[in-house]
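Okay, so subunit A shows up in both of these, paired with subunit B first and subunit C after.
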Partner chain A sequence: MRTVVRGLQELRRYPSAILGLLLVGLLVGVSLYAVIGMPYSEAIHLWRAGVGVWDEYPRNARPVWTDLFTRERLPRTIVVRSGEDGRVASEPTEDGTRSVEIVLPFDFQYDGFPREITLFVDTQMTEGEEVRYTVVWRTPGEQEMTLTRNRRVRRSDVYRISQDGTVRMALPGMPAPEVGLLADLEQRPGPEGRTVVKGSYEVLVRAEIPADAELTARLVVYGQIAGLAGTDHRRRDLMVALLWGAPLALAFGFLGAVGANVSTFVLAGIGTWYGGKTDSVFQRLTELFMVLPLLPVLIMVGHFFSRSLWLMLGLIIVMSVFSGAMKTYRAMFLQAREAPYIEAAQAYGAGNMRIVFRYLLPRIAPVLLPQFVLVIPTFVFLEATLAVIGLGDPVLPTWGKVMNDALGQGALYKGYYYWMVQPAVLLMVTGFGFALLGYSLDRVFNPRLRGV
Partner chain B sequence: MKISRYLIVRAIILFCTVVVAVYITVFIANMGGHMDQIRRDQIKFDVAQAVYADPGNMGVPTAELQRMINERAEMQYRRLGLDQPFIVRSVGYLTTALSLNLGRSEYLTSDTGSREVRRVITERLMPTLLLLGTAVILVFIVAVFVALALSRRYGSFVDRAVIALAPTSSAPGWFYGIFLILLFAAVLRVMPYGGMVQSPPPKEPLAYALSLLRHLALPVSAIFLGGVFGGIYSWRTFFLIYSSEDYVELARAKGLSSRRIQNRYILRPTLPTIITQFMLTIITLWMGAIVLETVFNWPGLGRLYLTAVNLSDTPIIVGTVVIYGYLLAGTVLLLDFIYAIVDPRIRVGKGGGSR
Partner chain C sequence: MTEGTLLSVRNLRTWYELRKWGFLRAGYVRAVDGVSFDLGRREAVTIVGESGSGKTTLAKTLLGLVAPTDGEMDVAGRRLDGAKGKALSWIRSNVGFVQQDPYGALPPFMNVRRILSEPLDIHKVAKHEREQRIRDVLKEVRLIPAEDYLHKYPHMLSGGQQQRLVIARSLVLDPKLIVADEPVSMLDASVRVEVLQLLRNVQEEHELGVIYITHDLSTVRYFSEFAFVMYAAKLVEKAEVKELIHNPLHPYSQALLTAISDPDAENAKIIKEVPAGEPPSLVHPPPGCRFHPRCKHFMDGLCDVEEPPAFVPVSGHEVECWLYREGEGAQGGTSEESA
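Right, the complex of A and B next:
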């Protein structure tokens, strides 16, 4: 143990070790922040993206910081609620109903067009009744355009203005309603496309509702940028996965390294000390698992049985315990076994287990440490590998899952580079951190490297 | 002869290992017999459809029809051997697989439309060998020679710079592949996104070769980036350890040139290890490129395997694993043979493992 402590002190002399430690520390910090700031159940809930969870987020929006690198101001998402910024006017009519007019104003000062425009309408009234409403669009130039007339709503309705065919027809020459509604209609489209008319827009929702009913409306003008990490094709904020990917990656890597590397080490020690049958059983198992290819077996199990991350981890551990490292450790233990102080231990009557755990294992422990650190990124990348070929855990938000989504949605072809690059960079930082630390440890602890 | 006895024992053990590995594959690929149940249900469904659709069966009571369905389905089960329990059948699968009688695939076909597993696999073998062969040999040669050069200039600036890059190898090749696609295909638009040749394939051999090379460049670079610096690091360590041996010191003291020392006293004793590592790398990469081939849309064995698993095409899965198992076991046996000749401890018959 003393050699380990002394070695760790020696680590301070290596700048790469310091850098590695910093990176690993950063990751641990992010993991803690993720786990404390966003509880597991909440993360899962957000990542499942049920109905209504990500309503107010645009699809495939770039991260907000990309705005710093573009000349134009890219639009952000604007949400106008009837209860907050909206004005509601209502007056009773002769036949006992109320005539309601909701005005949803918003100020649009961006240089780009929004991605989508959607109106969410909710009602509170007796079950079974229905209400019809009309939507009018008013531009800064006080021009009015009726988007829809007498649209039916029972409890709630989602009016996707961007997908309304009649609005598209009413705006000839415009690629999409969300462009036409905000563009300068007089302007001939130049090579740069159309320009946005900046100013305050208003959306008017008019309806006649029963006297005791309530009508609320919410307008969402989806931007081109959202969140610190952007969003994906299901409107999810990628920050959820980027943050929660850290603790999952660390847990996977660490448990994998403990399960596979440390147990290989202990079993190799036991096998070598007892020798005979135990040793030969371990040897045969090692040969078996060396022939059994890890990734193909994982792919099969993932396809035919379960894709749970933890089952995969268990299987990886079982298959890696008897791996090539077993042979390396065995060779070292065979040498250590002959050391005189072990003979001395035998002479004073120490039990087998005592010799293995008190004398044999600690002697080789310094070699284990760098190996242990170096093997962690292997497991982190293994998880990403599994996720990228579609065998990621169905519910957990991991970096690999994000990359898999990005690949599957053709992010590289469509230019959504942020989607692929962010998780990839995080994976690389993780790999780099542990590898830097591991290689430095190797230099400190590997006895054969010290002399040269 | 001790060597031949040793080799025979090793061969038997390796064969048993392959048997166990293939059996595990057969077991998983059939979902522990669950696949048979699915097949049985499918047959029963088809038979029931046929019976109900037969106009001659109009007016026959339902119980009678049910009996007919059961009878016919039973007959089909017997024809396909599905009436036996899975354990018995799995042994049958195992023996046919081990005798390389790979049979026919269930869904996948080769480009010529054949369903023979042997053909499907051999067709995909060439692209994989082309890609991995090029990449592995490149990585290996560059790693060994750069490591040799660095071990001579131990501690110099170049040495430290290259060694500082060693952590890049903690990421697998496909990971760099994504960055390469992003940079060269998506942003710069100078390289194709993937595939093996352009579509439609050029008719002229020269144009075909050029197109192939263009498509080969990115995946090979990806493997290269993922492996080369880690390789250099471990080979450099290896050579450094050997160059601190006493006999090298002696040679140096004698005033031999450093090239001579390198060739005679460092390379020669380490040659068996170099060969071993080379062969093992080639074999393990055989299946190691599943993701890389998927990312680059390369029509190789790895992608074939992945598609087969996704389609539950058991014969192809088992066939791929059997061939892989035989190749790996064959290589290990060959290495054992080399070691048996080189390593005196094995001739004496004591100590040390196989490697």
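Right, the complex of A and C next:
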């Protein structure tokens, strides 16, 4: 214990150790923030992206900070709700219904076109009835264009304006409705593409509804940038996965290191002390597991049984307990076990377990600490590897899972670099932080490296 | 065994098995081969012998760290060999052990308080008594004031202090017998006498039995009443210390005494007569008397055939040498030697 405490104090002398500690501290801080700020069930709910969760997020949007590096102001998502910014006008008609006009205004001052435009219409009325509504687009130049006429809605309807073929046909020469609706129609398309007409747009929703019914509308003009980390193909904010990936990665790494490295250490101590059959069994098991390939076994289990992160972790631990480290530790324990103080302890009656845990293990513990720190990122990487090759936990938001999605969606081919790079950078930072800390610890606790 | 006997050893043998190919026996190392002696309460005895004579194995056997192959051992009337469970625990708390290398004998990651409380913890001494016991033993080995030492780690102590701490640890369970295996051989000459006298004082104060094992005859006189000479796994001569020093009977003891270095300028001119050859292999000890290949009194047809039994040429002085057989004249050999 004393050597450990003294060694930690000595760490301050190494700048790399300070940097490593900072990085690891940062990761731990992020993990705490994620776990406290977004409870597990909420994170899972968000990540599973049920209906309605990510309605207002664009697909594959870049992180908002990319705006800092572009000359133009990239559009952000605009949401207009009939109950908030929208104006609702309603007057009764002769035949006992109401005529409703919802005006959804928005001010568009960006240099780029939106990704998509979608109108969500909800009604509250008697079951089985239906309403027909008309949508009109009004530009800053007071030009009006009817997008759809007498569109039916029973309870709720999603009108994806960007995908409406009729609108597309009505805007000849425009690549997509969301471009045509906002572009300067007079302008000939130049080498830099079309320009946006900036100003106040309005979307009008007109309908005749039963007197006791309600009609609400919500217009979402999807931007090209969203969130601090961007979004993926399922409109999910990647921040969820990047934040929650940290505690999962650390937990996986830490548990893996405890399970595989610390238990290897303890078992090596026990095997060496008892010797004989115990030692033989441990050694033969080690030799067996040293030649068993880890990844293929994991792939097999992942395909035929379950891909749960914790099952994988358990399997990895079981297969790593009797690993090569067992041989290294055994060599150290064989030497430590001959120390006269162990003989003295036997002479004053210390039992076998006491000797192992109080006399044998503490002697080698200073060597374990750097090993332990260095082995954490290997488990983090292993988790990411499993996720990338398709063995990631189907539920949990991990960094590897994000990379797996990015790979599957051809993110690099399509130019969504942020999608692949962000989790990769986080993995690298994790590896870097633990490596800096681990190698510094190694220099402190491993006398052969001291002063080199 | 009489009432005053603390330790009684009869015909003790500790053989280490040599293995070839894992299971074929290649033979045995006869590290202790037929040792018998008695030790009274409050008695200290020195066992002298050179490297490889089996001294340390004898110590380990007495401590129960190595199982004897054959023979009997009793401590205060309790059977020691093959003891298990409670009996073994009783022995552990009643036989203290002082080792050769004081730094190695102390766990480097424990402080003085932990080192001394470990035996108390193992033998379930009540918590309130522990602190008092620790302070008492520190005082006895003159590591005072105790507060200065309780939080120190072994590397912060000098060699002499370390060895005194080892002695303190062997005393902390209030044992009846202490086995000290070369307790001063790794210390500076200046602190040897101090540590030995400390051990002696402790022995007298607590009326302990002490077995002091050494290769250095010059330290014997500081310590014990009796001295046994060990050669090739056997105790070849047993006598009171004064008697042994002034009147060594066994040719090997005589050689050992001659070899004691003495800081006298005159000695530089004297070439000491040291027996030729080396101590014999303990795997294949020589037949008969084990010293015969090196002995200048070698008697052909006797010494190399039959093992000498213990003769008592002088009262209280046992020797295993054919020179002192009945009828040969007990004083004969001695006078010849001292001449």
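Observations, loosely collected:
Throughout what follows, the second predicted complex is superposed on the first by the 450 of 452 C-alpha atoms of A that agree within 3 Å, B and C clash if a C-alpha of one lies under 4 Å from a C-alpha of the other, contacts with A are read in each partner's own complex, and residues count from 1 in each chain.
Definition applied: a contact is a pair of C-beta atoms (placed from the backbone, for glycine too) under 8 Å apart; a residue touches a chain by one contact, two chains touch by 3 or more.
For clarity, every value in this text was computed on a predicted model and none was experimentally measured.
Annotation: superposed three-chain arrangement on subunit A; subunit B versus subunit C shows no clash, the two fitting side by side.
With both structures placed on the common chain, the touch criterion links A:Y341 to subunit C but leaves subunit B unconnected.
Contacts of A:M145 after superposition on the shared chain: neither subunit B nor subunit C is touched. Look at A:L171: by the touch rule set out above, it reaches neither subunit B nor subunit C.
When the shared chain is aligned, no partner comes close enough to touch A:V88: not subunit B, not subunit C. The superposition of the two structures on chain A yields an angle of 60 degrees at the Cα centre of subunit A, opening toward subunit B and subunit C, reported in steps of 10. Set against each other, subunit B and subunit C differ in how many residues of subunit A they touch, and the higher count belongs to B. With both structures placed on the common chain, the touch criterion links A:L255 to neither subunit B nor subunit C.
When the shared chain is aligned, subunit B comes close enough to touch A:F381, but subunit C does not.
Contacts of A:P296 after superposition on the shared chain: subunit B is touched, whereas subunit C is not. Of the two partner chains placed around the shared chain by superposition, subunit B is the only one that A:Y417 touches, whereas subunit C remains out of contact. With chain A used as the common frame, subunit B approaches subunit C to a shortest CA-CA distance of 7 Å. Annotation: subunit A has no residue touching subunit B in one complex and subunit C in the other. Listed in rising order, the residues of subunit C touching subunit A in the complex are 60, 63-65, 88-89, 92-93, 95-97, 99-101, 104-109, 111, 118-119, 122-123, 153, 166, 169-170, 173.
Across the interface of their complex, subunit A is touched by residues 13-14, 17-18, 20-21, 24-25, 28-29, 31, 34, 154, 163-164, 166-172, 174-175, 178-179, 181-182, 185-187, 193, 233, 237, 240-241, 243-244, 284, 287-288, 290-291, 294-295, 305-306, 309-310, 312, 317, 320-321, 324-325, 328-329, 332, 351-353, 355 of subunit B. On the side of subunit A, the complex with subunit B involves touching residues 16, 283-284, 287-288, 290-293, 295-297, 299-301, 303-305, 327, 330-331, 334, 374, 377-378, 381, 384-385, 388-390, 403, 407, 412-413, 415, 417, 420-421, 424, 427-428, 431-432, 434-436, 439, 446, 448-449, 451-452. By the touch criterion given at the top, residues 1-3, 339-341, 343-351, 354, 358-359, 362-363 of subunit A touch subunit C in their complex.
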